[in-house]
Structure formats: C-alpha cells, structure tokens
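As written, the chains take the letters A, B, C and D, and residue 1 is the first residue of each chain.
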Amino acid sequence: MSMDAKEIIARRVALELRDNTLVNLGIGLPTLVARYIPEGISVAFQSENGIIGFGAPPPGGMEDPNLTDAGGGFISALPGAAAFDSAMSFALIRGGHLDMTVLGGLQVDGRGHLANWMVPGRLVPGMGGAMDLVAGARRVVVAMQHAARGESKIVPVLTLPATAARPVTLVVTDLAVIEPTPEGLVLRERAPGVAVAAILAATAASLIVPDGVPEMALAG
Amino acid sequence: MQRTAITAAAAAHLIPDGASVMFGGFMAVGTPERLVDALVARGARGLTIIGNDTARPGVGVGKLIDAGCVARCIVSHIGTNPVTQKKMIAGDLQVDLVPQGTLAERIRAGGAGLGGILTPTGVGTAVEEGKTVIEVAGRRFLLETPLTADFAILHAHEADYSFNLTYRLTAMNFNPVIALAARVVIAEPGEIVPVGVIPPDAVRTPGILVNHLVERPR
Amino acid sequence: MQRTAITAAAAAHLIPDGASVMFGGFMAVGTPERLVDALVARGARGLTIIGNDTARPGVGVGKLIDAGCVARCIVSHIGTNPVTQKKMIAGDLQVDLVPQGTLAERIRAGGAGLGGILTPTGVGTAVEEGKTVIEVAGRRFLLETPLTADFAILHAHEADYSFNLTYRLTAMNFNPVIALAARVVIAEPGEIVPVGVIPPDAVRTPGILVNHLVERPR
Amino acid sequence: MSMDAKEIIARRVALELRDNTLVNLGIGLPTLVARYIPEGISVAFQSENGIIGFGAPPPGGMEDPNLTDAGGGFISALPGAAAFDSAMSFALIRGGHLDMTVLGGLQVDGRGHLANWMVPGRLVPGMGGAMDLVAGARRVVVAMQHAARGESKIVPVLTLPATAARPVTLVVTDLAVIEPTPEGLVLRERAPGVAVAAILAATAASLIVPDGVPEMALAG
C-alpha cells in the first residue's frame, strides 16, 4: 500500500472520531488515525494491554519497559492517563464503553462480516483482542486497502474465518467508504479523484450505489 | 509468621515438569524474566503455559518456547513468534487460541470460584465450536469455563515483606488476574520494601495470595 | 474538551422519577451523601435502588427510604434498617434480596458485557427458585444474569479534572463496579485535584466512565 | 447467652485458626475469636466490605468514616493491610482463598446444613455475604449457642431456609464441638464440665457419640 493510500484511509477514519469518547486503534494502519484528530475533538485512546491516555513514543533514552502499546512498542502516558489490568481492559471493550474501534481487515463480505485473524494453512496469528473488540465496541470501523495482490478484499461471502457474527459499522479503504446495511453494502463515498465505476470494478461484492456518491472529506 | 524471599532458581525447582503455569505479560511486558530464565536453566519440560501471547523468540515466555520447555500453550495470539508457529506446524507444540477478553474472564472465573461466564465474543465464529450456547434476554452467548493452573508466575513492580504487590502501567495486564487462579503463586518483584511502604489503597494483589517471593538479584 | 463539575442539586435533577439508580456504599460507608440529600430535597419518587444494603434510617440511602423516594430495592440485606422492613411488610416497598457476591458479579457482568455468570452461591436454597441451573464439570451452578441501571451514584475519595477517580479503604466497595454498569455515572468526590495529581496506577475508575462530577461544597 | 458461653465458644474456635491463612469472622459472636489467636499463629482477617488486615477500633477521635467493618463499626488497618472492591472481596471468598469463615447460626441440621439468614414471617435481614461465605470458604465453622429460648438449635431437619446446600465443617457451641459427617453429626468434644448425657439431652438432632469424648481445649 502506498503512503498516500494509508494516509487517505487514516484521514477519513479520523472524521469518525467523536468528542469525549474512548477509542481503540488496532496495530498497524489504524494507529495512524491518531495523527489526524480533528480540531475541537478530544478522544481518549485505549490500548488493550491496559491503559487509557497514551501518547507518542517517549524522548530518546526515556523508554520505560513497563509502558508499551499492544504491539509492544514504547509509548508515553498523557496527563490524566489510567492503567488497569486485562480483565478491566476487556470489561471496557466488551461492556460497550468503547465508542469506536478501528481494525485492519483481511476480508469484509456482503453482509459486513469481518475476517482478520487467520488464513487457514498459511497464517495463524490468533485473534488477540479482535473478537472482543468487534463484539463489544459501539462502532467497528475497518481500515484496510481495498485490494491485496490485485484481489478485492470486499467479497460476496467470507472465504476466511469470521472474527464475529456481528457486521461492522463502516469500511474505509483507499478507494471508498462502504456501509454494511441490512439491504447490503452501500457505497457512501469515493476517495478523492476515484470514479464510482472504478470502485465497482475493484470490488468483488455487489455494492448498492445511491444517486450521487460524494467524494470523501479528509481530516487534518 | 516470618516469610522469606527465595532465589529464582529455587522457585523454578518448585515447578515440576508437566505442570500448568499461568504467566503475566503482554508481549513480554510484565513477564517475570528471571523466573523464565531459571525454568530454562533447570531444563523444564512438558509445561502448559497460559497467558496472553508467546512474545518473541528470546524474550519473555518466548525463551520457554525456544528451549523446548513447553508442550502446550493457551494464549490469545502467537503472531509475533515464528518459533511458536513452526513448532505448532511440526506438531511439537499444542496451541489453543482463546480470545483475549475471554482468556481474562476464564482465568478470573477460575480465581473467583465461578463455574463460567457467558460472553458474546466468538459467537458465530470458529471459537463457538464444541461450546454450549446459552440465550439470555434474546441474545446468544458462549458459555466459557474457568481456567486454573498449578502455578502462576507474576511480575510485580513492588512487593512488601507481607508479599503485597503493586504493578506498573502496562506491565500489570494479566498479573492480578492469575494471582487468584493458581494453586501456588510465585511473584518476582522489581523492588522489595518494608511493610507500610505500600499503602492499603495501592495494593493490587493482597500478600495472602502470594506463596513465594523471588528475591532481588544481588 | 472542557468538563465542569455540577452541584448536587443539578445532578439530582438529572435523575427522573422512576429511574433505576445503583449506589456505592456498605452500611452508608462510601455512599454519596450530598447526592442522596439532593434526591430527597427534590422529592424523587419511584426509584429502584441497587446496592449492598439500605443502611440505617437517616443515613446513606436510608434517607431515600425514609423520604419515600424508593419503590424497589435490590440489595443483599436490610437487617439494619427497620424502616425498610416496615415498608416492605406494609407493601410500600419491593425488596429483592441477592447474595452479596452474586450482586457484585451481576453488576460487574452488566458493566463488562457478559450475558451472565455461573455461581455456586445459592444452589439448593431459596435463591435458586426460578433460575436456570447449569452443570459444569459435575458441579451445579446458578446462572445469574447481568444488572444494569439508568444511573450510578458514586462516592470517590479524589477526582481529577479528567474525572479519574480514587477510592479510600472500605469506602471503595461497590463504587468501582457500578461505574461500569450504568448509562449515566455521577461521582461525588471528597477532593477535586488537577490532572496529574492522581498517577495512572492509582486511578481505580478511568474518567472516561464518569459523565458528571459533583462539585465540592463551597 | 452468658459472657462465659460466648468466651468458651470463641476460645475453642480460635484453635481452628491456621498459620498464614485468610479468615473471615462474621458479625457478633464470631468477632470475639480475634481476641484469642494462639501464639505463633499469624492470621489475616478479611472484612467483606473490602479489606484484609484490619485491627481494633482506633484511638478516640481518630475514627475514619472511610474505614469500618462489615457491621459498620470503626476499625483500624494494620501495617500490611490491603483494600479492594466488592468484586475482589467476593472473588476471595467464593474462589476458595479463605481458609475459614466463622459464622453465627439460627439452626444446623443433622446433615450439617446451616440456616442463618431469615425467619419467615418474623425476621428478614437478608443473606448479606453469608451464602457466598458458606459456598466458598474452605472451612465453615458455625459459632453459636447450643440452644435459644430453651430450644435446641441443632435440629434433625432445618425448619428455616438454608444458607447453602453445602454442609458446614464444624459446629462449636457453649456445650460441644460437633462435626457433620456423611454418617451424621459426630460429637467430637464436650465443653469444660459438661457431660455427654447433658449434651444429648440438649440436642434435638441425633448425635453419633464415639468412645470417649474429650473435653475441649481452649485458646488464650
């Protein structure tokens, strides 16, 4: 994925942030969302290994082996941070206290189901906290490239194991914003300069296309 | 009663081959490294380890995987440890994957005397296989059963002479939960302080739960 | 985002008649007395209150019972409050008795998104009536379902400007648990301090869970 | 109950304390046990409202409204005390971390079942923590007067609602120590100066009487 594609996704997802809420960003691309928080919006970020209110990596030489994000990378704590154990961390996640989680995806299907934790026979990383996040967060936003190795990641039916039975709230890719609805996947927005026809051509699942699909706004 | 701290080597000898061992740590942050080293040094075999992940090769419980101490692990992910994946594929290591929040609740249930908990996590996925589904107020939940272990090895920030423990920032993670769920609890603190230095409200694991304390390196 | 503290009277007006209200406190220790007084002052009616006990007349939620604010209470005991017993016998107050540990777990389950928990407590007693019994590993457990509420009223030791909370000694009791289980959480702290005065490891309830903070008396 | 009866019970129960364990004493008579801890025994007392390591009431004027026992009485905290919330408190109780709980009783029956939380139509205090304590503690010791208002509290079958399906471990009264076993209630010890015949006469349930019932030892 080019830097541009990642940036488009992160800047669009950032517009989903709501003031005074708790948000969990998955490892990798979703982490970038924190760079584009819209002005006037105050968000607390949770890292599922046990902290609310973490910040950028610390100044050189000040890394603390007892303070990392869920990927094991050194972080800092912002004023007003709170630390807690894994039971509390997932009580927050499962109990509906997260307004939003942003996760990467391997596939999303026509019903909005997400697969992001294993590729049978090839890659078995495990689900980590992903199944709890998708089951528990109020809104689940998938931030992923529209296609991988030339193949659409938005498919009619999952061919990989599902992460949850619950459909996700929104899918943001480098080409489009897609909303799963009971009627099917609705194409809500186009990436800057991308035509609806190009999106349809790059999408294996069928999309419902409303009259007039606006270009996505971007934060930051 | 007088309680004394023991060496990591002595603690490792309390844990026999084949034992089940819960460990604190998230990507090795909050894992008792000296206890792990001592288990490797004594050549432990056939352990079942229960915790968040298998870290990376050469770090945290990754060292137990490297050294062939582990027969089975019950964890939420192994994506950061290629050695775990290689041994699993070769059939040398059984890997049971459990969603992270479910793992925390199963261990908590084991420590809290609950017969299980109902969670929405995993419903309609491969995690549901073989499990009882229970409907409550029209929603479907998985019945997840308690996990307990023979031993728990904890990393603490401070311990006092009564074995009360504190934890630090994200090194807390599974440590307070496993302290309730094992028959024998061994804690490796960064500091050991006199009774009273840790105020009652700062204690996260009451000392009565801790059976053995590992002394500081001399 | 700027968050401001409100008066106890303003907080009491957020809680409508007929609302369900979880409260912290054990024999009124850890109960937000000013919020209780404000509810009495505004003449609240028909409340369902959920917490450990109804304290004594004139103390803690006992004041709500005295003033006729309460239609129903879900508590673990009422033995210390003769007014509660008198109103119950007169049919003016519905009392649901729940074993204390089960009450804590049901509230925790509500706050943690669990569909319920299995407990050995109450098996073979009157508490079992009407409940599903589930056998796990040959033992019988009661399926106890989650409790949530419209409001939670907390007593905290300190709050900071981000609404992070600490508790003190035995005034903690149900406060941290109910902070997760209500739609709207109102905390009444003894002190309000600048952000940073409460270190991350001392926070027991992250501020993001708290909707309203009651200001100190002037 | 005379002071002597209470003291006999408390001093006998104190001999059940084991070194380096966690113990919960119920409100009332059981509280007295803490006065007679045998030498060389170190016990941590839990109060279910959220503390391990509490001590006697504080010096005059030093009472802390945030530090009471489960009965609401002012206590002090000993060096090394730990405070926690109700979920943790009952995790300790239900999870088998308590070596012993000492509780008062209204009735114990021939199978060792305890009733101590209500008298239908007369007294409905509620179970508080008693049901969890009886279900969860490793050993449940009932400390109660042998009879009330001239009626034996040790009955063939409970006439009051049971506190738990699980039989208690030991019953200590002002007359005797009685152990519930699968075969029935066994008379283990006599109170000082009390004859076996007097115990049998005062007990509504049948007792198994071994050859030679020793007089109880007393702590302190």
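In the analysis below, contacts are C-beta pairs under 8 Å (C-beta built on N, C-alpha and C of every residue); 3 or more make two chains touch, one makes a residue touch a chain.
Note that the coordinates shown come from a computational prediction; the quantities given were computed from them, not determined experimentally.
Shared contact partners of chain A and chain B, listed by label, are C. More contacting C-beta pairs link the chains of C-D than the other of the two pairs C-D and B-D. Between chain C and chain D the centroid-to-centroid distance comes to 29 Å (mean Cα coordinates, whole Å).
A separation of 32 Å divides the Cα centre of chain B from that of chain C.
One inter-chain figure worth recording: chain B and chain D are separated by 35 Å, centre to centre, where each centre is the mean of the chain's CA atoms. Separating the CA-averaged centres of chain A and chain D is a span of 55 Å.
The multi-chain contact residues of chain A, meaning those touching 2 or more other chains, are 51, 77, 83-84, 87, 90, 93-94, 135-136. Shared interface positions of chain C, i.e. residues touching 2 or more other chains, are given as 105, 108, 112-114, 119-120, 167-169, 172, 200-201. Taken together, the chains touch in the following pairs: A-B, A-C, B-C, B-D, C-D.
Touching chain D in their complex are the following residues of chain C: 26-30, 52-53, 56, 75-80, 85, 88, 95, 97, 99-105, 108, 119-127, 157, 167-177, 204. Those residues of chain C lying in contact with chain B across their complex are 105, 109, 112-120, 134, 136-137, 139, 141, 143, 145-146, 166-169, 172, 200-202. If you check the complex, the residues on chain A that touch chain B are 47-51, 64-72, 77, 83-87, 89-90, 93-94, 123-132, 135-136, 161-166.
Contacts from chain D toward chain B in the complex involve residues 19-22, 41-42, 44, 51-53, 77, 79-84, 87, 90-97, 135-136. Put simply, chain B touches chain D in their complex at residues 1, 3, 108, 110-114, 160-162, 164, 180-181, 195-196, 200-201, 203, 206-209.
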